[in-house]
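You will see chain A twice below: alongside chain B first, and alongside chain C after that.
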Partner chain A sequence: WMLGVKMAAAAASSIRERQTVALKRMLNFNVPHVKNSTGEPVWKVLIYDRFGQDIISPLLSVKELRDMGITLHLLLHSDRDPIPDVPAVYFVMPTEENIDRMCQDLRNQLYESYYLNFISAISRSKLEDIANAALAASAVTQVAKVFDQYLNFITLEDDMFVLCNQNKELVSYRAINRPDITDTEMETVMDTIVDSLFCFFVTLGAVPIIRCSRGTAAEMVAMKLDKKLRENLRDARNSLFTGDTLGAGQFSFQRPLLVLVDRNIDLATPLHHTWTYQALVHDVLDFHLNRVNLEESSGVENSPAGARPKRKNKKSYDLTPVDKFWQKHKGSPFPEVAESVQQELESYRAQEDEVKRLKSIMLLKIRVLAPQRGIIAILGDLNLSVYITCSSLPELLEKKRLIDLHTNVATAVLEHIKARKLDVYFEYEEKIMSKTTLDKSLLDIISDPDAGTPEDKMRLFLIYYISTQQAPSEADLEQYKKALTDAGCNLNPLQYIKQWKAFTKMASAPANYGNTTTKPMGLLSRVMNTGSQFVMEGVKNLVLKQQNLPVTRILDNLMEMKSNPETDDYRYFDPKMLRGNDSSVPRNKNPFQEAIVFVVGGGNYIEYQNLVDYIKGKQGKHVLYGCSELFNATQFIKQVKQFGQS
Partner chain B sequence: MKLYSLSVLYKGEPKAVLLKAAYDVSSFSFFQRSSVQEFMTFTSQLIVERSAKGTRSSVKEQEYLCHVYVRNDSLAGVAIADNEYPSRVAFTLLEKVLDEFSNQVDKIDWPVGSPATINYTSLDSHLSRYQNPREADPMSKVQAELDETKIILHNTMESLLERGEKLDDLVSKSEVLGTQSKAFYKTARKQNSCCAIM
Partner chain C sequence: MAVDITLLFRASVKTVKTRNKALGVAVGGGVDGCRDELFRRSPRPKGDFSSRAREVISHIGKLKDFLLEHRKDYINAYSHIVSEYGRMTDTERDQIDQDAQIFMRTCSEAIQQLRAEAHKEIHSQQVKEHRTAVLDFIEDYLKRVCKLYSEQRAIRVKRVVDKKRLSKLEPEPNTKTRESISSEKVSQGPVKDSEEKPTTEEYPEKNSAEAQPELGTWGDGKGEDELSPEEIQMFEQENQRLIGEMNSLFDEVRQIEGKVVEISRLQEIFTEKVLQQEAEIDSIHQLVVGATENIKEGNEDIREAIKNNAGFRVWILFFLVMCSFSLLFLDWYDS
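This part shows the complex of A and B:
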């Protein structure tokens, strides 16, 4: 029984781990990679396209690639010199362009042997093209292996993934919801999404039970995914869900639940101002595929007329699983982050002082005692001191690196918070979304020249418009529109939201949507009074109370088998069932232990964090979050703005 | 300025029979289109049923205007357009379409016809041509006798209904609306915002 539980836990092992293992196996010439195996790895060249690059970079660092023997990694469509005595591992999409280039490589005899890996399955005819090129180049024996990797998705966290990056415009919110789309264009969009989701489940090693809402893009994805899984399961020879590929998954006693939701059930969350670290970084900074790009302006802003502004320093940081501070605090409210950086700094200083102390003692011993007592006598002590110093040095250096990193990142975030008064926006929006009475007038905030950019105001107003029960009267609406225009806003997004609101099946407001409260000032004093890195004066120390956003609510209903008008008529698909049965009567009556929530049309870190917080309170349960693309409010508004222009 | 649908119906007793319809739902997103189309059919039928023979009316619902012309011989036409579309042109179009229809389709087929059985093919081209009123018939061909004071104006769909009749009931009972459309309607109503085309 314990073994079963262990296996079940392993089955929930992160998607990041599984995709990384799959990549490492591929880099090991498609043979399972055994950690700590003796002997040097075989040196090889890695050739990838931009799709492959996006998949690999969040998972494997350059050092890890080198550890696997990758001496050189190059883009497929670049000028590459022949390296005739080295094997090459390719990791690319099976597009015509890529196939042509690979055939060209074969003809030019660039490498010793070729391991061709396709991110998603290659078609038979394209496979024949390669075979023909290999024949023509007399290179058939050199093509050592050809593999479909089924890795066409990007994992960003242990429990979060997106579909793609390079062609995200093809599957964007706009692409799915624009009015002028044809049937064939929609088919292409849906097929692209389904291909990635299929790869995801192959990698996860599980066939899910699928639930989805009706009459939306999510339903179309569900139907196609069910069909694709079903066809693959029936194909006895080529099924990807047999014993060996399942790994730990086959021991899991339960299959995971896949909840497919459409972005249109909740347009407030993509616009919402936020208060937790990772979501804030994504909202206000340039944060993309786990990398944040900071621009540090060094120097005076107000330069006299004619003088050129000082050059800005650019800094990039990767926010990764090995960053312990990030893993601990990426979901924390910002004031807690500021406080924690401060604590880390103090702890670092204390440790640094300790090392300095040990060092000076060591020097003392060498200079004073050794001449007196002889070096042998103090050797033992010295060894110990050296050992203590050296062993803590790497840890200290890493700590310092992280402190510097997060000081810079958190400072950049804080600048935005203070300049735009983001705490005010966050608090007000939380009140609107939870239908609590508002203490300030919306009009006042919009008209306040000191609070927020025009976009911040537009976001606030749109959230109000989306969340309000009673649509504002014509007169009130005109007043708001005027205030927004005076504040510099573009009203195009409002047009789209109006149309959306009239149509969409909206999730009804929950009965107990909690309140955000402000912590008493006392707890902030530490940060404010001890010469902190972060001057949080004027920024409210807001505390988040767990409240379920619409997507979380829907997951809760379906995962716990709760009856709720919102989800009762969701469709039910089980690709393993013999007869294609799309009744919405679930066969499985037990609550699920594992679930994957996938938002068709895009998602963000706020939604992700909400799910993480929700599942934290549930022992033994796991949730993965995925979406067709990740956008912050600015990017979302940009897409929605374009609708109003057609 | 947009014309969304054009339909020809027969005002039978008690139900209106849809004979032919053309739709332009291209301005709605992919997954809304079928519901929008169903609602337009539902609305057209309802309006014809509640309008007397020999009348012209315009029914307003939010940003949409439904123009209906019921002839004395029970042949009726409905044009659903936005607020900007000139009603004069809409009525000219309806007159023209019904005229053409009655010449091409035998009267005996009207009471029992359906879009599948009726042989009248110009509705789609009329709809697309009249998207731009200026390109369509010049003003000179507008019926001089069109007396605009005789056009009955309704500010909402509800004003067409009889005392005690509820739009919600009609929606639930409708055979024209699919389950998805009915669900959309129900939720939009609950949120107190009208479904866009009702």
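This part shows the complex of A and C:
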């Protein structure tokens, strides 16, 4: 019974922890890592390629690498000098160039011993290539260990993962959906996706039940994944899902549900303007792999026309799970974030004053009392004060750093919001998507010259076009087109969306976005908020009401076994069943406790946040969100534009 | 979960070997393989650096073991339970402290040396970085081990401090503390050892005498029975000497007092005279001011007089010239 509880607890451990543990074990020469405070130092060198770098960087900071004993971390394809007497840990993808470079390293005898770790499984022939090179260089004994790590995915949050960052174009929305794709190319793309998903499930240690919609790329992925999992389970000798590897991760009573959806069921969400902190940062600033790059202009003076351009400092910040403020507020609406930063600043100042007070008392004691009563008498009090001060100092410094970081980031976001009037767009789009009456006409907003960039207007119009039940009349359409071109938009994306709409209309009813109301908060609260440091006059304080995006609704139906015309004809795959994979009738009648939603073709933070909010309401259930690539609206429009051109 | 394919790798190595043999390709390995490896390895700079680094690490490890071994004894000895085993005298503890400090110093010197060398000789940036990082690790290890040592030491110092505080705060300690202090003082020196017995003897005495606390008497009280005649004489002599000194000091002070009084009297006279002079100087000052005024006025008068004189002269001249002109005119008119 205790084992069951432990297993349940282990199952709830996040994918991020698992991947981190796996990486640490790899760095510890493939022996489980145990913290030992008085252990002898061992040092090693880490060599990775760009894939490895993308996987490691959101999970382990440079300091943590140092703690694991890594003195140098280098890219595989850089110039590397021989460093004698040092073991080298390699973490690379088994591609041709990487293998060649590794063989070259072996020949040049750069390091003392080699621990080779491949991100995904290496083929037999490539292994033989390495063996050949090792033999030729008489370095066979130096190759200490060779491992297949099965870590070919990037974990960004505790419950969110992305397939890859380096070769995004290969599995991008455009790559999957372009009209001129050949079968072989499609196969390669699908294989890449399936490989990563397979690695994901190996790391998770569970075999899922797969459900997917029919007739889409998601279906192809589901079939291939099912086949791969099945093959692996049958192969009793080499199965990755048996024995203790499974025991630690097996959900005690239930298997997780994998929902594979295609991007095409919902094209409005990637275009949507958003109001939550993390999604805003992703939309408005340069944010990827948990790192945000800000350009700060030094000085806030208004430069007269013709003056020298202001110097811009580039700053980048890492937004990690260690950052408590980020973890708490990444899903909050933006005004809440502003208030919270204020509050944090207040409490920090209070703490700082407390420390200063203690310090002055301490000095007083030393100067006045010590000569009188002797230092020994007051030693006890001194100790206490010193202890309190010293222990709270690092905390304070850390807090200050975080406050500065978030102040900068939030200010940058706020500037964008004010410049482009994003709050207006957000409100309007919410209204469109929930089919409430619109108080301003679309044409007004589009022709308004100082609300938003041309791209914002394009996005708004596309959302409108996608969500209306019937297409606007030709005359209206011409009007809109003219207004858009006046505002400076490129009309290519519109072509594609038209095609898409026609296509999806044939397939199913257009997506329904559910009911929502946004309450603009009253005048009183707006007045109260102007006292805060972030002057938000004119920026409406919008409150997000819970609404379910299409993806969330699909998940809800499948997880709770609700009957719904949308999801009833989803295919059902169970790799553990002996035969028959074409039934649409789910064998399992109980609601699922764990689910993984994977969007083929790209996802974004808005969907992620929506899922997180949905699952918060359900006790004891967990959802992981994954996508083949992560894009914001700008990048999505760029891809869609290229369709129109071709 | 990662999969260990090392065995698979070794198997592929074998396959490749056999395949190469079959194809007759000259294998870099084979019989000469081992020798080749040796040859290839020896000219490699064997890393003087890393072997010395490992030496330093093993030293630090030894220090760590040494500290851990004696740690229990070090800390435990202060418990009031006096046991035969595991009791360390202070000297032993000091010895341990000293040894540990010497050790740590040599280790850190060795690390510094390595650091200097590493910077001097090597050419490549990466190797330099690597070596710096390695040395950082070793220093970190040393620091952790030193922490062990300093923790022990801190506990010991704390006890000494507490003891001192107790002894300072209570010159007439109550029964329990006295007992504990005296029993603790046992280990503190040979002098006090002899006092143990008299303390316990006096103990019932002092109990009744507690009503009249006498500061510092317990020191004297303890010593009375012990002073031998020689010591008494010595003390008396010293007493005399001190009295003499005090007297001479007293005389000197008297003299200085007299001199100071005289000085003050003289100063009074001086002040009086000065005040008189002040009055006279005042009057002189007034006179001088008056004189100045008069002279000024005199100057004005003289100036005016000169001016008048000049003016008068001009008129005389004019009159004379007019007269002479009139004479001339009359003369011309007459002829």
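The definition used in the following text is that the second predicted complex is superposed on the first by the 595 of 646 C-alpha atoms of A that agree within 3 Å, B and C clash if a C-alpha of one lies under 4 Å from a C-alpha of the other, contacts with A are read in each partner's own complex, and residues count from 1 in each chain.
Note that a residue touches a chain if its C-beta (ideal position, glycine included) is under 8 Å from a C-beta of that chain, and two chains touch if they have at least 3 such contacts.
Note that the coordinates shown come from a computational prediction; the quantities given were computed from them, not determined experimentally.
Once the two complexes are overlaid on the shared chain, A:Val600 sits clear of chain B and of chain C alike. Applying the stated contact rule after C-alpha superposition, one finds that A:Val86 touches chain C and leaves chain B untouched. In the superposed model, A:Val45 makes contact with chain C only, not with chain B. Applying the stated contact rule after C-alpha superposition, one finds that A:Leu127 touches chain C and leaves chain B untouched.
Legend: residue contacts after superposition of the two complexes on their common chain; A:Thr203 is shown touching chain C, with no touch to chain B. Once the two complexes are overlaid on the shared chain, A:Leu294 sits clear of chain B and of chain C alike. For chain A, the partner that touches more of its residues is C, with chain B and chain C as the two candidates. Of the two partner chains placed by the overlay, neither chain B nor chain C lies in contact with A:Leu258. Overlap of the chain B and chain C interfaces on chain A comprises no residues. Within the complex formed with chain B, the chain A residues making contact are 176-181, 186, 214-217, 220, 469-471, 499, 501-506, 508, 569, 646. The residues of chain C lying in touch with chain A in their complex are 1-6, 8-10, 12-13, 15-17, 20, 27-29, 33, 36-37, 40, 44-47, 49-51, 57, 61, 64, 124-127, 129-130, 133-134, 137-138, 140-141, 144-145, 148, 161, 164-165, 168. Those residues of chain B lying in contact with chain A across their complex are 26-32, 35, 62, 180, 183-184, 187-188, 190-196.
Chain A meets chain C in the complex at residues 22, 25-26, 30, 37-38, 40-41, 43, 45, 66, 69, 71-72, 74, 80-81, 83-86, 109, 117, 121-122, 124, 127-128, 130-132, 134-138, 140-141, 143-150, 202-203, 205, 238, 240, 245, 374, 376-377, 379.
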